[in-house]
Amino acid sequence: MTIQVKFFASLKEQLQLADTEIEHAQTVEDVWNTVTDKADRPDNIIVAVNLEYAQFDSPVNTGDEVAFFPPVTGG
Amino acid sequence: MPSYIIEKPLDPWQAISEHQEKMQLDTQFGATATFVGTMRDFNDNSDVSAMTLEHYPAMTQHYLDKLIAEASEKWDLLDVLIIHRVGDILPSQAIMLIACWSAHRKASLDACSWLIEELKHRAPFWKKETRPDGDRWVAENTDGF
Amino acid sequence: MPSYIIEKPLDPWQAISEHQEKMQLDTQFGATATFVGTMRDFNDNSDVSAMTLEHYPAMTQHYLDKLIAEASEKWDLLDVLIIHRVGDILPSQAIMLIACWSAHRKASLDACSWLIEELKHRAPFWKKETRPDGDRWVAENTDGF
Amino acid sequence: MTIQVKFFASLKEQLQLADTEIEHAQTVEDVWNTVTDKADRPDNIIVAVNLEYAQFDSPVNTGDEVAFFPPVTGG
């Protein structure tokens, strides 16, 4: 079991990171630091864990899907 | 009370009409409120010749269904339909539709207005516009003015 | 920004679609809010098998046009369509529609909600329902709940 | 020139009066009293003069159209 990590829209282009997976993380912040090599976080970045909005201090477990994206602009 | 994410062009009025014809409630609803979002050829004072809508498929579907469930708890709705396009969209094409059916008008009107605001702020879609000076991600949803 | 009073059955979605196709503004509007009122087969806990809508022709037309003019002053609307039936109406048939087109969503949503309330309270139409115990004039419009 | 008088819906049925015309009236109230032979006015009765909502003390002139009706129930 791993943690799936996804990026969307402008954030994905800015970071130039592909979707990936990692082995271990305690929190969303750990995930961010691992996959971006501790890049600065844009102010308005949004995070979801298992399809629900979460915070950077939200816990993460193996098997989870963690997504990072900019403010939504649909509708 | 379905929601659909589609890639093909959408005729919103036909989609609402077809959905309504299939409803078994056609003598129970007295009110239908709808909202249709359409692509304009300008935004923030710039021409826009095309748009691409990216989304987060599993989460988007989850959120549209969640919004419908929440609306159904808040208001007495007989049916709700949400259709949202993704992919490449051209000016004058419909981007999304919301339709709410209820016995009395207030439920459908209030639910429709609530759903469009919630969708704009919570459903993971992202618009990228094609402008004369290149492609540009839309930074943030407006307040609707 | 027309309003029509008609005696024949109305397909509201087709009427909105046809009106929209004739608009010269199809890449300027980003938002369409509509409300359709439909005849139910019950009201106040009684079955209703048919309805007759009486109106005051000159005043009704005057009031529909006046409401559209007032809405256009209050909100930035690109177009408005109101169609209201009169005469004999059967359950599941549309009684009236309001459609508002604007660049941004708030104008069309707010104008549509305002128009239906104003129409209900100011336009001279009167409903007479056919019930199991005879015909009955509807005494008063509800608050929409 | 006369004053046209119209009745609508339940009010017309209650009063059992046809649309009519009268010669003289100063106010809407005069019109009502003339055409109904001073019938009691239902509480919620509504009046329009020349297609605009008016009051019972509103002035009336020859050539005007005066209408009496119950609360509207369209939409």
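Going by the order they are written in, the chains are A, B, C and D; count residues from 1 in each one.
As a working rule, a residue touches a chain if its C-beta (ideal position, glycine included) is under 8 Å from a C-beta of that chain, and two chains touch if they have at least 3 such contacts.
Nothing here was measured: the structure is a model prediction, and the numbers come from that model.
**Q** Take subunit C away without moving anything else; what clusters of touching chains remain?
**A** A, B | D
**Q** Go ahead and note the Å separation of the Cα centroids belonging to subunit A and subunit C.
**A** 48
**Q** Measuring from the mean C-alpha position of subunit A to the mean C-alpha position of subunit D, what distance in angstrom results?
**A** Here the centre of subunit D sits 71 Å away from the centre of subunit A.
**Q** Please report how many Å separate the Cα centroid of subunit B from that of subunit C, as a whole number.
**A** Taking the mean C-alpha position of each chain, the two centres sit 22 Å apart.
**Q** Roughly how far is subunit C from subunit D, going centre to centre by Cα mean, in whole Å?
**A** 26
**Q** So which stretches of subunit B touch two or more other chains?
**A** Only 37, 105, 116 qualify.
**Q** For subunit D, give me the residues that contact two or more of the other chains.
**A** Residues 75.
**Q** What chain pairs are in touch here?
**A** Final set of chain pairs in contact is A-B, B-C, C-D.
**Q** Mind pulling up the subunit C residues that touch subunit D in the complex?
**A** It is residues 37, 53-56, 58-59, 62-63, 84, 95-96, 116, 119-128, 137-141 of subunit C that touch subunit D.
**Q** For the complex, give me every residue of subunit D touching subunit C.
**A** That would be residues 6, 8-10, 13, 44, 48, 51, 53, 67, 69-75 of subunit D.
**Q** Subunit C touches which residues of subunit B in the complex?
**A** Touch list, subunit B to subunit C: 11-14, 16-17, 20, 26-42, 91-92, 103-109, 112-113, 116, 142-145.
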